[in-house]
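Heads up, the next two complexes both have chain A, just with different partners, chain B and then chain C.
Then we have the complex of A and B:
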């Protein structure tokens, strides 16, 4: 059916063009490395302080890196009238949205999985038991960020000062997702029992659902010309 | 040519403004002068008569913005778009004032100007969303696309409102829990009367300011259309006589 085929082809298109040029992933990875470096200078941390702060540092790094990827997701469509082609195509706009969300989600998750071992190395974290929970938290929070980030990336791509407006619009709305992700990550890294921080994971799930549904409905109003 | 609603705004806005002034004057008199000081907080409680009405008027204003944005996406009425833009600026004003008065109240009461508890954080996020909304409106050149994009932002931002409202219940915070609930009112008449008067005054003031600002925005758009400068871009190009 055209809905799922559209999603499939949008994801395929983004993955293939990324595979051929590798520009999004490489810029995200380098930016994230620089962010880790800056954070390592910013705080002089002993082991206890590191455990308090590291969850926040991880998610600040992931969020700003994600914003780069989200921005590129639609600015790459500006060349060769690709955005107009998307506007004119008979494919259901919601499917285009979901395809873009899936592609952005995959890129962000790949960067996070590549980066997290570096965090463990540089900040000497003790994470063996918590890896499964951390992966779940990364999955859910990245889904929430890409759901609302894709909507705002499409919205800001055609306005002036698009590079500035994407973080300005996205970050206040992503605050609940970020707070829940940071608290859940802190709980998992500290080795707390799961029930202590499970409410934050529930909050992540709720926000993922709300953001995806609302953005899915609103996306067609962006691509109306 | 001038919309029927704008004519009614012109006729009735004075009543809203006068009513707002009267209620605020009476509310401030009873709140600041004629009511007794609180048992625990003493004279400090009098800031509550300003802070609480400002805060819930700002959430009311955002609800108006939220509803208007949904209406605009559905009906594409340019007057509704003007009303949304007006509501957003006035809501930002009330939110800022609420944050400032709250901070002034917090220093002697909690011994800190600011704290990162959920209600304050979500309220600040509301102000940031409104700031982004106003920036967005300035940056988009095409008014119809600008209206649509701003409406989308306002609708997604509406998710913050229930967080503000329920944050005091969901997390234990420094903030007081709600005094009004379905179980009945839990504060005395001495406090209730000035609070109600100030609330009514703030609502009327909000309505008045939004009405005046909407009128200004609408007439500005109409002027541009009539001068033909933006003939291909305003909403009115289909309706010029």
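Then we have the complex of A and C:
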């Protein structure tokens, strides 16, 4: 069974469904917008103070927004018992997993790219020199979150309290990614030399590899059970 | 080679026994109709054969492949048409077929898809989203999948539900075509009249046991 074609079909299906409903993206955007507004009104900060806290605020917003998208990733498969068709498909389950990760990653990254200018605007950030580094950090952290989040989305989809169980199970595992992302983002926003925070980026790369490989192997067992 | 070989198959949910020690063989070219009252375990047996559920004990082979150990190989040759249509509401009929067959490693050309949809009588709705389809139209789209995928083993759960007269005739035609290429059909149904027109053999699942019946017995009221 062609591995990459399966990934292509899963991504194609998820993107086309989302394009037509805009259900996941709009709820993610709306939630993130509220988070930005709440934080922005809660703190009246000057630029220096903002730089100390903003990295954490950004990743709290991105992580919780991502959880909304991840939660919908497999609930959409419940309609008309589509999850069954994935389960009994002869396609490699690892390819289905990677297709889902890719779709979730694209949704999350798109929301982050749309939202980041609002953070810059509301918190008066000077980010022009750090944009490239920040994009790399967003890319790596979002990949880690979607890799482990997709697995837990599949694990919790058949549970009645899945909306609660997904963050409860996912967040403890996502903590290393969040810490690394916050520290690297803080370093980039402070204008520190790259070598000061490069270890956090290396950590993100390691987590991405571990989460993706482990989840890839576990996915078949989870989908079949 | 035996198409479906079931040996001492049992299924329980906790202490609740669904069926016990089922053993039967179904050969290529046979259409087997499984009857039984509600809750007898017909759909559970079908889902086990479709590799969606594991049996509590016993084993089964599909065209020589172990249904528990060699699931992936089994999944390449079977197709299940069940109550849930396995269709995505936001995709069109054509897109649903492309996706379903894509996951089977098949990529039918657009004219092939169009022919299959025309044959099932929904060609005019090829670009319509599934959420605008009726239950009967969804069932016909499932039949289009069968036309394109041509599975060796076709598993049907209440295949005549939601279908009009021409839909029933088309279903029986596709069953005949599957049998004609030495495939096998296993269906669960309550509709004895329709099933007896096409089934070559049958069984009644009741009280956790399977009673095999011949085609002649299928038309006998006393047996049911």
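Convention: the second predicted complex is superposed on the first by the 223 of 225 C-alpha atoms of A that agree within 3 Å, B and C clash if a C-alpha of one lies under 4 Å from a C-alpha of the other, contacts with A are read in each partner's own complex, and residues count from 1 in each chain.
Following the convention adopted for this analysis, a contact is a pair of C-beta atoms (placed from the backbone, for glycine too) under 8 Å apart; a residue touches a chain by one contact, two chains touch by 3 or more.
What you see is a predicted model; the values in this text were computed from it and never measured.
Enquirer: Does chain B (first) or chain C (second) touch A:55, or do both, or does neither?
Expert: Neither partner.
Enquirer: One more residue to check, A:88. First (chain B), second (chain C), both or neither?
Expert: second
Enquirer: State whether A:5 touches chain B only (first), chain C only (second), both chains, or neither.
Expert: Touch status of A:5: second partner only.
Enquirer: Who does A:175 touch here: chain B (first), chain C (second), both, or neither?
Expert: In the superposition, A:175 touches chain B alone.
Enquirer: Is A:224 touching anything from chain B or chain C once the two structures are fitted on A? First, second, both or neither.
Expert: both
Enquirer: If you stack the two complexes on chain A, which partner ends up touching A:13: first (chain B), second (chain C), both, or neither?
Expert: Only chain C; A:13 stays clear of chain B.
Enquirer: Once the shared chain is lined up, is A:103 touching chain B (first), chain C (second), both, or neither of them?
Expert: A:103 sits against neither chain B nor chain C.
Enquirer: For chain A, what residues appear in both contact lists, the one with chain B and the one with chain C?
Expert: 224.
Enquirer: Mind listing the chain C positions that touch chain A in their complex?
Expert: 50-52, 71-72, 75-76, 78, 80, 82-91, 95, 98-100, 102-105, 107, 129-130, 138
Enquirer: Which chain A residues qualify as touching chain C in the complex?
Expert: That would be residues 1-2, 5-6, 8-9, 12-13, 16-17, 20-21, 79-82, 84-91, 96, 224 of chain A.
Enquirer: For a test of understanding, state which residues of chain A touch chain B in their complex under the given definition.
Expert: Within the complex, chain A touches chain B at residues 148, 151-152, 155, 158-161, 165, 168-169, 171-173, 175-176, 179, 207, 210-211, 214-215, 218, 221-222, 224.
Enquirer: Note which residues of chain B are touching chain A in the complex, please.
Expert: Chain B residues touching chain A: 73, 121-122, 125, 128-129, 131-132, 135-136, 139-141, 145, 148-149, 151-153, 155-157, 159-160, 163.
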